[in-house]
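What follows is a pair of complexes built around chain A, which joins chain B in one and chain C in the other.
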Partner chain A sequence: MISRRDTIAGYLLLTLAALISLGPLIGVVVLALGEPGRVGIKLDITQATNFGNFADVWEKGDFGPAILTSFIITTTVVVVSVILSVPAGYAFALMDFPGRTAIFALLVLGILMPLEAMIVPLFLDMRRFNLDNNYWSVILPQIGFSVAFGAFWMRAFFVQSARSLMEAAWIDGANSWRTLTRVLMPLARPQMLTLAVLFFVWNWNDFLLPLVMLSGSDLQTAPMALVTFEGARRTDFAYVGAASLITIAPVVIVFILLQRSFTRGILAGSVKE
Partner chain B sequence: MSLSSVSVTAGGRPTSSPRKRAPGEPRSIGYLYILPAALIYAAFVFAPFLHSIYLSFFDGNGITRMEFVGLANYVDIATNPTLRSAFFHAFELIVFYSLIPIAIGLLLATALHRSRIRGVAFYRTALFLPYVIAPTAIAVIWRWILAPRGPLNSFLEAVGLGFLARPWLGDFTWALPSVGMVGTWIMFGLVLALLLAGVQKIPNDLYEAARLDGAGPWMEFRAVTLPGLRYELVVALVLTMTAALRNFDIIYVMTSGGPGNATVVPSYLVYQQAFKVAQIGAAAAMGTVLVLVIIAVNLLVARAGRGER
Partner chain C sequence: MSERVAFEDVSVIYPGMAEAALSHVNLEVEEGEFLVLVGPSGCGKSTFLRALAGLEAVSTGRIMIGDRDVTRVPAKDRDIAMVFQNYALYPHMTVAQNMGFALNIAKIPRAEIARRVREAAELLDLTNYLDRKPKALSGGQRQRVAMGRAIVREPQVFLMDEPLSNLDAQLRVQTRTQIATLQRRLGTTTVYVTHDQVEAMTMGDRVVILKDGVVQQVDTPDNLYRHPVNAFVAGFIGSPSMNLIEARVTGNTADIQGFALPLPREVVDTAHAGRVIVGCRPEELQLTDTGIPMTVQLVESLGADSFVYGVVDTIAGPTTVITRTHPADKPALGSSVHVTPRQAHFFSCEGDRPRL
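Our next item is the complex of A and B:
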């Protein structure tokens, strides 16, 4: 019993909600295209033609190297974390070995633990081994956090959908590695893609870890470059707006292209059961 | 980087119970499969976590010798007004990050449960976007919106509410709610999308039955909608409360804890104490308490979710 009035009201409410979500972002686009160097901040869409702002900011804020650093760190983390999460989830789901439950519980704890709880010794140890101010000082902890979630996520998939398939493969005489790579992984592709998208978004956006680890060097990630740039040019809002858009662009593009994978990841917790 | 949608399902489904003998090869080959992930996790997450707990019983700057002080750092957190206020601020932020978005989400999801919406993908993309964008960029954007001569104040002046305009982030009373509002903006779309997905899965028969029993809108909400959204609510609570309790990036960029100490939160204090004033033990203790609070809150939510019904 769906009345037209309900449906129209539904569209209106949802459109309003979407506008509230998008409004500030649309505002920033107009801002970023405005005339640079003006402190007075009147948004004027007819003046939003200064596409050169992006080139200026790219140059002045050292965004080229920062985006490159972010890409190196994030892609490494994404690739390695997905590769390590799949076999871990597989073993937790389908194999039996002493200590399995305990190890899994410890690993899942990592999903809840905030970086703040280990950032101090992490920094001290990295410095002791001369790893601070180095890509690895960001990459390795990010992989550690990512595989905690990744093993959990892949295990949930393998538990649900793989047991009977795996038994069939076993009857056919395939060993556990072949079963994983030939039979299960082709099926798990959507789940792996979701993991990759989530890992990309989280680790690209991560700020505290690179801030602590890289602050003694010339290396900076895109969010760090943005914060530095904003600190130096507080009032030059057009430039600051352009810098924000440069920083978020890769994540927004990935998100829009792979929206389904991402929402599946977030909504999954509720879909189960 | 957290994302705890997980813990919920983990709670719901017992993980162990060796149902059948695992196939393939000797079962201890399982260790080989988990080894690389477990090693990196142990070395770069878990060991530092334990090390941090250990450090929290010491005083020092991390370079010269550390002095054992027992529970002094924890006593400080309980008694020092600034340190203690950080946790009160974090709890206040939960109102903005969790409760307001969930209230809005429940209201809209209830209003929308009977309408068939097409183009869900578009709405979902829009609603999720604030959650996906780097918090640092969100903070920068909202610093502009809330600036003394920023769009919010000009808007208020334009509609004749100029007396409400103020330097939002420089105001002792309004700085924390302003930061909280940003949290509401980040979270409400996510929560709404979650609850909408949930409400659409509630069988229509249940609503019919409630109506036949003479239930009004409020009873219908209490008896059908709310129980039907139990899992979605748990996920929403876990995600938003964890975000409210952490929240380093937004505070660091928007207010640096100021004005005065009006917006200090635990995660900001961890950073400040460790890397600005070199009080390693105090920072570690703050981090440890923060973990305990986050775990406690998550357990509570998971239990409430399971207990209902």
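Our next item is the complex of A and C:
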């Protein structure tokens, strides 16, 4: 039984936490709706009425094509990475094959290596294959990084998901593929969606890789457009705020859409069912 | 089609383990037989089942189902059905889908699947639950779905891995009878694993006693009870278990605290180092005026009869001895009484303590 006092204290704490995390975001929204061209930061909610800022920024910052580019890159990476991560995690968790431990260790190493350490050789590689300055130069490395984590993530799920379910499927005559698609994947849906959200957020927000890979082309992703825009109008805080909101909007939308399964995925396995 | 199953010198050694989980097992399960494997935990009974199912690789030896050598055949191609201890029902499928999954994989026509699922559901009293998911079922119902999933397959062999251990005591007794009846009706060769010797004795046509991966005895429940091949089987089968009292051989008798129990000639000849283990079931021990002295420690009344627990000083130290009496005859706690064996089994003191 939770006492009334504990309930109230709980709500107070949660409200405080919500304010702390929402505060800056609300600040940016108020800022973005402020009067454009004004020098200095002034958060005045009574003047936060300039909805036209978004349209202005969209046009001036060339955000349309940038968001499209980000969208093409990110969705490709998310879809391909999830499709590859699931069978990879399954194999690492439940199949016996020579070199399994070694390959898995290599994969984990891939998660641990910072991008900064690899970016230069990666760029040279891409150039050698004539892939620089096009979508693939961003998509392929991002898939690589994502699958490393994705296989790790899905493996954790498959390892702790009931082994006897898989054995039951085998005895029922299902081969590995059927066991995966008909029995385990339906159970792994929250984990797969969570993985998709994580991939989307990480890859959408990635700045360094596209900056290096696309430097010689007209292509730019949303974060690149934001940085360019910010560089040009450093003191126009209303416009910079609006541009920031435009850039993060897709991430917020994806998160809200998949929020339920996201929290379910994160919490999976925390209680015995 | 029911088939016979044979283990020919089968050993299973887990990687990194010194001891074999299953050691040189030779065993035949007749067509349509209900064979129960029983033993303490870690005795290898689950390994036996998993090796037969194809879930565990065999290190040496051969496993036959009918005339087919299945030693290297993957689980999915063995045509066996298994009931798991935790049931392993597919949580995202309905009861009907759970039961029909194997047939679906085997590409059996839809109408045929529906018919077989319906029949199994009627047999198991699950007709009203076919559209439910497992999480909306009680423990007993889940257990029946797991049984149903095995039955619809019409497999060559049923394997059951402690299928009753997650049920409460009352339901367990009820389901025990149901499973035994069902098996006789279907006539499918069944290998059943349990740690509960009562289950083993009541359900099996024959019972296999396993210890440390080695088969101790394979026999009918009656024979196991009456003629245990060694002290382990004697102590394992029966509840309460057989009293095992170590005694000195003096001339033609076994000497227990001054009580002289006559020994058969062959026991005297084969006894090791002048010692023998005297085995006596609780109902084979009588409270008498003279005999083996015993101090009463506990009396359990079960209505129809009572069990008297006492301590006897033997050459191996104080040993707990249990005897069954009529409730009217039960002695007081702490009192000194005497017991006399009406019948006795004799086991060697050495090695696996075989019957003498």
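Simple rule for what comes next: the second predicted complex is superposed on the first by the 240 of 273 C-alpha atoms of A that agree within 3 Å, B and C clash if a C-alpha of one lies under 4 Å from a C-alpha of the other, contacts with A are read in each partner's own complex, and residues count from 1 in each chain.
Here is the rule we use: contacts are C-beta pairs under 8 Å (C-beta built on N, C-alpha and C of every residue); 3 or more make two chains touch, one makes a residue touch a chain.
Quick caveat, the model's predicted, so the values are computed rather than measured.
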Which superposed partner A:D172 touches (first chain B, second chain C, both, neither): second
Touched partner set for A:S164, first chain B, second chain C, both or neither: second
Chain B or chain C, by number of chain A residues touched: B
Touched partner set for A:A238, first chain B, second chain C, both or neither: neither
Chain B versus chain C as contact partner of A:P186, first or second or both or neither: second
First, second, both or neither for A:A148, with chain B first and chain C second: first
First, second, both or neither for A:A32, with chain B first and chain C second: neither
Partner chain(s) touched by A:L112 [first = chain B, second = chain C, both, neither]: first
Chain B versus chain C as contact partner of A:F123, first or second or both or neither: first
Partner chain(s) touched by A:I73 [first = chain B, second = chain C, both, neither]: neither
On chain A, positions contacted by chain B and by chain C: 167, 170, 174-175
Chain B partner contacts - residues on chain A that touch it in the complex: 1-3, 6-7, 9-11, 13-14, 17-18, 20-22, 24-25, 27-28, 31, 39-43, 84-85, 87-88, 90-92, 94-97, 100-101, 103-104, 106-125, 140-153, 156, 166-167, 170, 174-176, 179, 198, 201-208, 211-212, 215, 222-223, 226-227, 230, 237, 240-241, 243-244, 247-248, 251-252, 255-256, 259-260, 262-263, 265-273
In the complex with chain A, residue positions of chain B that touch it: 1-10, 12-13, 15-16, 18, 21-25, 27-34, 36-38, 40-41, 43-46, 48-49, 51-52, 55, 62, 108, 111-112, 114-117, 121-137, 140-145, 147, 149-151, 154, 185, 188-190, 192-194, 197-198, 231-232, 234-235, 238-239, 242, 245-246, 248-249, 252-253, 266-267, 270-271, 274-275, 280, 283-284, 286-288, 290-291, 294-295, 298
Residues on chain A engaged by chain C in the complex (per definition of touch): 162, 164-165, 167-175, 178, 182-183, 186-187
Contact set on chain C toward chain A in their complex: 53-55, 74-78, 80-82, 84-86, 88-92, 101-102, 105-106, 149, 153
